[in-house]
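Going in written order, the chains are labelled A, B, C and D, and every chain counts its residues from 1.
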């Protein structure tokens, strides 16, 4: 069992619903302050976006953040260097597209993540069928490979994915790319399907925009992932204090 | 190149051609890719489906397209050039072969809508056309830059009842149109088929599109036999994603012909790329030192793509085909040469293949060689752009 | 209509079809017309010439063009419509059939240059194309109004190496382009052939052009037999000068099919004309009470002509064919209907024939009838014009 | 023998070279004054253009004159009415395109011309092959049908045309539509060919622009026709006096 999984299982056992905010690395010079602020606001883990030029699974908010980050010169090395020194006390999960790691080298990428204190990776364009080399690379360095289940995933496949996923299972609330939405979508159904297949912690993401939605999602799942809603405010100039307050409003909704 | 290797056969169960191919898509799309693979396999071995596919190509799309001996160009270059006239296919390029098949498959899968990316607009027009014929709803994603340089094709798609969505992300060209189409597909995969326009993307697209384009090569091989030219020394095609090249190569993969894919210098995935993963496939991709995809830059919207279909990456790696490049600066001349000598205005894409012949006849291509040139499309869509380049006096 | 009359055979020695036709040209041109008549007669009975003509049509121009059953339009209208796809011929219309023949004849006569008039630009493009292929110099006369509404085609001709001369006399449309081409011909008849674009002008043009276009009708008759449709109840074609109509009618002239020529209301020589002499022929011409030629006005540059070929005047007089008209106001709708239902964007000219079908199905055309529609050309040249009309919100 | 021919033969017998200016009827309101002025200046016959919308054999000068005339409302009737009353003392020859007469009716047209004192007609788009109905119509009213011979006309055809032509033979100096030119073109050759076939008076036209050219032409032919050079000045605002002077300059060159 990977450290990430141990950590998240332990959290679940305390009865706390996991709040996992997403930040695009390098989007602003003080992006790390936002990560810290989110933790201060009550985040239980943080997803760190590694920018990619062609983010097929992202909506316009995260696309824009990624482009800004690239324009700022962010690379896998640079962002790893920035997080490496921190003692944040919660797990970090990298989120990027496969080509970034593929190009850097799978083993080298996995080691780089691990060395920087990153505990897991979400690679939305890496299907379970293609994931073996990456999982192998991650395995030896204790980086968890998190897979997504989509509303379209048929049940045999849910079982397979749930079995392969490490740390947690990412349950997509809807058939959509990242972005903001006004309801919970298919989350309850997807979570239920995952639960039938595994007792791994299951977090809902894609479109969780308001604390109210987060509360509803947490009624069925073990945690929520909040991305575009936070990234949008940072793009609009939010300070770390703003981020802390916003994350905290989600925290209060979950507790 | 082992003696007994069979080229361009079926990919492995993961959709791989050698070390290229595969299926790198969001989980939301995986079921659709699997369903498509099943549907294609099933249809492609169903006589009735094949009969319908072939009859639509014949009665609607104008197949077979002829082989034209290019007498005056041949004389000028000292080689014998035959053109396979995909420019005469309905909508003006080879793209129709693929969309006829995919739209029939869409109906067979019980879906009511297609989406597609387009670069030059030819695939968009072809998709809108085939969709109209079957009463399918249709949305086309097109980079904003391309909507401007290919305005005529935007108009055509609109007249055909399609919705054209200009894509403003990234380089605003073909690559970004694919991203956007993929993003859209995630939201509507239930009732919508993504009608990909080249031999790229996740399995089964590269294979399926090649199969649907292979009619080009099979026809050409038969036609050249009929006129007693037999196997040409060279088979030459331009390469964007690689569908027209794959289609014509398929007829000669296991012959003695040398297969040449001509890339735009600014979009040369074999020439300047390295293995990478983009748009659902592992292939050769133009990327920077950090694995960020580079923006292609070509005078021709249809070749303005930093990747190449995985089977081509494999054909290049195995040495069965060779990929060369020509720069923007010789394309207009090549287009004019063919127009003035032969009365055929090629698409800017196809003009790349012509430009390579002009450059290499008597050099890489020995004098006296026989060449099959795939005329992938007609230049009507490009003439406004070409004239404005000529008039701005370059 | 006597039982034993043979329709659409050879004109009399003066080039007359009944009381129409003849040869009304300046003396300077008479020798050229006589030479042309001899050359044509000679070539048209020379197997080698015919074989070359047919092989260029097949290998270069893409013949035979298919017959497409228009399933969705047929369902909508309650009649069975089959389209003869001249839009798929090289350069995008039936015009290529004629120019392939005339340019081969030009070479045979030892001339090194062709000139032509053009309306929509299709005949100009076709002429420039066929001339390029044979290395003939080429000058095209085009009304200034038409150079603007058919800009794309002007570009195409220029790329093909032709010189395009905008004509600023008269109504600045097709009629004036013919005048100007005739004037030019007077000055250069020694080394230049006037490649007339329709079944009009002095003998032997109306007859020769009809013969060169009759491949449309002969192919279509055979194709309809092959698919067991047999003789259609109606054969419908748009009429400008009348070449595509004459070509398709020729395959059915002595069958039971009703022949329908569709004129633009603003250029309806049969509908609004009377016998007159223009452009070298006696035919039906739109003219005022003093014999001054009226300016035609049509949304479609190719139908913007106040006359009609003399053989059509004769077919109208004898009752063998019927000529009807449709107004500009229904053309855009017809074009959109065909585009959206069938994935075929027709030329504005061809859309006239479609519009008549849409209007008359279930009225003049009994439900259940079988109709052969000549799709004389593709609409690419027109889409910019159509979109600007649609956007200006009519 | 038609009156026109008698008149022109008689003229030749006096040793005078015929000067035949062309005027577009109706081009200005005082166009008849220009005709009179030309006669005062020494014209031996006058060609009267009947405007037609599509003058296939005319260059831009006469085209423009024709359009102006049509815009002024000129018709065959109106111009005939204008010349009918005059006593000019020289023959008048109408020049138009066949459709004008065809539409008016052949017999009616011929009679109208004759009744107005017009002695002949030149119809450049009426080939000898098609001319019989028109010649028949003209015959009974003593209107001469003048044919043209072109540089391209082969010799057997020259013979035929020369034999059919009445009044005179119009020898085209060049392969061109009406307009101005700088030399005599093929005139000597054409005239020589005509002379072999007939002793009818033979006039040279098409492109005779200067008195010098006229003089040269008259060395081989029996007369000259001057069109665009005169019409141009009228379009540019010449007065009848200007016309008289210009015609007279040709006259002096011929004598």
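Just so it is clear, a residue touches a chain if its C-beta (ideal position, glycine included) is under 8 Å from a C-beta of that chain, and two chains touch if they have at least 3 such contacts.
What you see is a predicted model; the values in this text were computed from it and never measured.
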Pieces of the assembly without chain C, by contact: A, B | D
Target chain D, source chain A, minimum contact steps: 3
Distance from chain D to chain B - Cα centre to Cα centre, in angstrom: 66
Distance between the centres, which are taken as Cα means, of chain C and chain B, whole angstrom: 35
Shared interface positions of chain B, touching two or more other chains: none
Multi-partner residues of chain A (at least 2 other chains): none
Arrangement of touching chains [line / ring / star / complete / other]: line
Complex contact set, residues of chain C against chain B: 58-60, 62, 65-69, 72, 85, 88-90, 92, 128-133, 135, 151-152, 155-156, 158-161, 335-336, 339-345, 379-380, 383-384, 386-387
Chain C-facing residues of chain D, complex: 52-60, 63, 67, 70, 75-76, 97-104, 124-127, 129-130, 147-154, 157, 161, 172, 175-177
Chain D-touching residues of chain C, taken from the complex the two chains share: 14, 22-32, 169-170, 175-176, 179, 182-183, 186-190, 274-280, 282, 285, 287, 290-293
